[in-house]
Amino acid sequence: MTGAASSSYAYLGPEGTFTEAALLQVPGAGSARRVPASTVGAALDAVRAGSVDAAMVPIENSVEGGVSATLDAIAVGDPLRILREELVPITFVLAARPGATLGGIRRIATHGHAWAQCRTWVDKNIPGAEYFPASSTAAAAYDLVGDPGESSGDAHGAAGHDAAICSPLVAERLGLAVLATDIGDVTDAVTRFILVGRPDALPPRTGSDKTTLVIPLPEDRPGALMQILDQFAARGVNLSRIESRPTGQFLGDYFFSVDADGHVEDARIADALKGLHRISPGLRFLGSYPRADRRSPAVERHTSDEAFGAADAWLASVLRPAADAHRGSKHSRLTIEASPT
Amino acid sequence: MTGAASSSYAYLGPEGTFTEAALLQVPGAGSARRVPASTVGAALDAVRAGSVDAAMVPIENSVEGGVSATLDAIAVGDPLRILREELVPITFVLAARPGATLGGIRRIATHGHAWAQCRTWVDKNIPGAEYFPASSTAAAAYDLVGDPGESSGDAHGAAGHDAAICSPLVAERLGLAVLATDIGDVTDAVTRFILVGRPDALPPRTGSDKTTLVIPLPEDRPGALMQILDQFAARGVNLSRIESRPTGQFLGDYFFSVDADGHVEDARIADALKGLHRISPGLRFLGSYPRADRRSPAVERHTSDEAFGAADAWLASVLRPAADAHRGSKHSRLTIEASPT
Amino acid sequence: MTGAASSSYAYLGPEGTFTEAALLQVPGAGSARRVPASTVGAALDAVRAGSVDAAMVPIENSVEGGVSATLDAIAVGDPLRILREELVPITFVLAARPGATLGGIRRIATHGHAWAQCRTWVDKNIPGAEYFPASSTAAAAYDLVGDPGESSGDAHGAAGHDAAICSPLVAERLGLAVLATDIGDVTDAVTRFILVGRPDALPPRTGSDKTTLVIPLPEDRPGALMQILDQFAARGVNLSRIESRPTGQFLGDYFFSVDADGHVEDARIADALKGLHRISPGLRFLGSYPRADRRSPAVERHTSDEAFGAADAWLASVLRPAADAHRGSKHSRLTIEASPT
Amino acid sequence: MTGAASSSYAYLGPEGTFTEAALLQVPGAGSARRVPASTVGAALDAVRAGSVDAAMVPIENSVEGGVSATLDAIAVGDPLRILREELVPITFVLAARPGATLGGIRRIATHGHAWAQCRTWVDKNIPGAEYFPASSTAAAAYDLVGDPGESSGDAHGAAGHDAAICSPLVAERLGLAVLATDIGDVTDAVTRFILVGRPDALPPRTGSDKTTLVIPLPEDRPGALMQILDQFAARGVNLSRIESRPTGQFLGDYFFSVDADGHVEDARIADALKGLHRISPGLRFLGSYPRADRRSPAVERHTSDEAFGAADAWLASVLRPAADAHRGSKHSRLTIEASPT
């Protein structure tokens, strides 16, 4: 392994998932080694163990689930860093073996989440179709060609189903016939994935960044959450996501997972992080990375890097005479004798 | 239908799910009509249509998923009300046909979430076991006895698997052999379910209540979330859950789903709701209902019902002389002539 | 005393003070009975005793002092209500007996505050002039004409001084020669006075009003002041004045005197007052009255009377089904049996 | 001038005022050069001009007035620094020439504020006494002995009065007969004075300090004041005084004068000052100095110097890998090719 070209990635497999599609959006990933993993935890552990450089996993509701699992998996254990996020359009196709026709479909396999989203279409267009649960949309497609490989994870062997609801990517890759496209209830659905690497990485600031944090609630009382959120609001930092999550240790104990607009190298984010650390020292920094939507936050003058720099300079000027005076400056002739008390 | 005994309930099926276990914790539900539904949405629609009185659905991460789906399903569409919550211990058993032994198990079916949680145990105790995805833990168990019924939803027909990871409830009900108990990674796991009814219901105040709200973010700017949360903090109301959810209409548009400690008939909650309505008039009230853990919040003097009552009385006394004066009271002899300006 | 025309007023005397000038700005006061008082406390006591209908006193820094005294005098004792405020331009003249010339002036009397403000002019134009302190600018003028009357309060008898620094009003009224005008350091100085009546009065809302409150600090800790001010900020209410005042009982015990933009009949002010009463029940309402500058605050939609009204209506609609249900409504068929626990 | 003994001080004179009494409480001031000034502004100007090292002036309501004048005088003009504060008990005596008796007193001179506070006693004990205004309580005493000196400032010459209400200090110094003691309405009255020096001085931190600031209101809108005060509250800093003051430039334009508990060398105060500078860059630091009452604030763990230090160290550790990575660290093998966009 001797250069950038030799980067390697894990992802939530099997091949052909929307997660692999997200990974393929990463520049250079098309020619890199790509290793499917059966769970989010396994993908992240591969990063921790050093067997891959980074892992692509889902972070928002998607047909591949994994959201809560992902949040929880990166919140504990050895530290990791989020390196980038990818948005992937979620469109479902009905795929079958070459030669099949819509009229002949009776048994459809897919992941439960995809089934829920496409059921309206199925009920209308293939009344009476049977549902075969699959561990992923991609696995349902692989089973059709009789070769799940290591990546499928399912054990159906010779599939009992004759169609799969899956991504366009896997249908094309396997040479399946696409009988219908865009069959989900929600058109224009987009889901979000993150690329996770080791904790010595920090993507450079682009001006359109996002910072992800895990913040344990220091005390379970009214106002404790406000005190946390005020660290952002007081520095003009917007949050694009917040979720309370039980720590799992006992009821009533929470942590918060948040995405804040900005990069830790922005003065307002750095200052907010220091404020958060003071009230919740168990804070975990999960990374600053470019926003997939390239939107830049409006930064008010008083939270700009310039305002922070000017404040630092001003405070130094306030303290400077004191420093001189402590060294026996001749500027002030006044010496007040110590009070006898 | 003339009494309590005739209540009817939908739940996320099939029979034997942890959701049915939650429903069976409701007093009287054991003898009521119980209707399994294939999705959370279907269960809620049965309530809206009036074909059942209420529906039990999962609201926190569970092996039966449904969390985001539940949050979103009750946030839109015809109004519903949460009537109560139930906590259910989540423990998995490995179940097989009577006579089977652990040594003979090769193919295990279950829901993907349960598989993820029990995989450590399986790898250690049944190395090389194959995984068969099922649409639910209960469906995996039903398939073993060759009679999925209407409730299974899966189409495996004659199951290719020889064991299921499922709830103790369904194993016992089907007379399966329990080969191992408590095989999940997390012991003491508890998940939360809610009973949802029609919007004309409001459970009485018990002193240990929870209020669930859906609050659209009025503007996507720093401070807008703080303004919402301040409505709670300013009245000493603690939040036990908060989640931002994209509205799905376009990126950057959010609503918040929160659980607040207290009942809408508590003055501090009623006042907070009015404050929220002013800043986010699209607010949706999803109910006030008893907390499953029976914990009561500590209420400070200045947010007690008494403090609210005293403030109302004081303000009335401030305004009263004015009312009298406007009616031509003789208390004040002072009449200031109108300014010429 | 048989009608409005017979209103009577006290004011901080003697005759010819800026305070009397403020009183004369009140419609109808020119023809009313006007009673000079020697101190702010005496003027207010005349209102409390019923011997006059209202009293005009200074409330902002002025050459007639009285600010702290006024704040403290209306903060304790029998309740009073502020009825209106007046802004008066403060301009000083150098007045002397008819026939006097600037060149002949050697000894100048005035109140200490006026002396401080006019000293620059005096040093430049009448070098070497001596200063005679007087109890008020008006008293200094009266002494020139040899008839201090009851209203002067000073005992100089035949004055040793030959000029007075005083208001244009008193110079004109006494027929004095005005040797120089506008001799103060600050041109365009304006000071503020308030008309104080009995607590059964509440001037009607004009849309451009001010509300004055005295708010004891409930606890001397960081955040207690914020909690008070948040009652205003959370309702979009601007403060045009705030002063902490020691209660005088022991060090570290404070009350706040504030002016808020708006009238107690504005919903946002009424709601803020109720919030204040909950956290500081010793709150004192000192009146809502028209602003002298006629400026109207910008009211955001969510703090308008309409928003408050809509929130009240919405909350009632949330609670109504419950009220019906408690009365045995047939809308809901669901009756959950009481838990055995 | 080569040592402490050579310090020199101005104070609001004449000799014998409560302000001189405050100055004499300063260690070493008894043997220092003490220069009475006729106004607060003149005393401060002597510091600015370098003719004295520091000036003692009143800062809280007192019989010597000067409060607003002092606040305003240190808020503008060349910078100054407050070096310490002194609390002085305010007790009045009735003093006359040796040999005089209470029965023979007819004409009493004093400052208007002292007259207001002692009038109840005078009305009861010397009915019919006449009042002679004086420019200060000390001047009234000096006039009795026929030698006002330069310091008196008044021009009465041979006094028409036969008693003075003044401080015990001046009565004793002039050898006057004290006919009655403690004749004010308020017993245990204490007033506060400040010692003001040049801006190169900063008294060392004692653990029981006070910081005085002048903060222009950046915008006249609801919430602007909250934003300022939140800089203190968010760092657990208590305020012991707050006053809004019109800037005098036009109505509706304010600055705030505040005293905060703590020293600028306390991390929480330094951080609050930087926050204030960002939102109100015209902020003026008037000094950190020991509290006269020696009370120390309770500092919460999360606002301690230790918490600030730990937060700085943590943030540095978060940023360090990035710094290394930017220098071409070999820790991370991952190099993502630049996006074509």
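Order of writing sets the chain letters: A, B, C and D. Residues in each chain are counted from 1.
What we mean here is this: a residue touches a chain if its C-beta (ideal position, glycine included) is under 8 Å from a C-beta of that chain, and two chains touch if they have at least 3 such contacts.
This one's a predicted model, so the numbers in the text were calculated from it and none came from an experiment.
Asker: Among the chains, which one keeps its Cα centre farthest from the Cα centre of chain A?
Answerer: Measuring from the centre of chain A, the most distant chain centre belongs to C.
Asker: How many angstrom between the C-alpha centroids of chain D and chain C?
Answerer: Spacing between the chain centres: roughly 25 Å.
Asker: I'd like the Å distance between the centres of chain B and chain C, where a centre is the mean of that chain's Cα atoms.
Answerer: Spacing between the chain centres: roughly 55 Å.
Asker: Just the number, please: Cα centre separation of chain A and chain C in whole Å.
Answerer: 58
Asker: Enumerate the residues of chain A that touch no fewer than two other chains.
Answerer: 230 - these are the residues of chain A that touch more than one other chain.
Asker: On the basis of the stated criterion, which chains touch which? Give every pair.
Answerer: A-B, A-D, B-C, C-D
Asker: What part of chain A is in contact with chain B in the complex they form?
Answerer: 39, 41, 60-61, 65, 67-69, 107, 111-113, 115-116, 119, 130-135, 139, 153-157, 160-161, 186, 190, 220-223, 225-226, 229-230, 232-233, 236-244, 246, 248, 251-252, 254, 256, 293, 295
Asker: Using the touch rule from the top, collect the residues of chain C that touch chain B in their complex.
Answerer: 1, 4, 6-7, 26-28, 53-54, 83-84, 197-202, 204, 218, 230-231, 234, 264-265, 270, 273-275, 277-279, 281, 283, 285, 302-303, 307-308, 310-312, 314-315, 318-319, 321-322, 324-326, 329, 331-340
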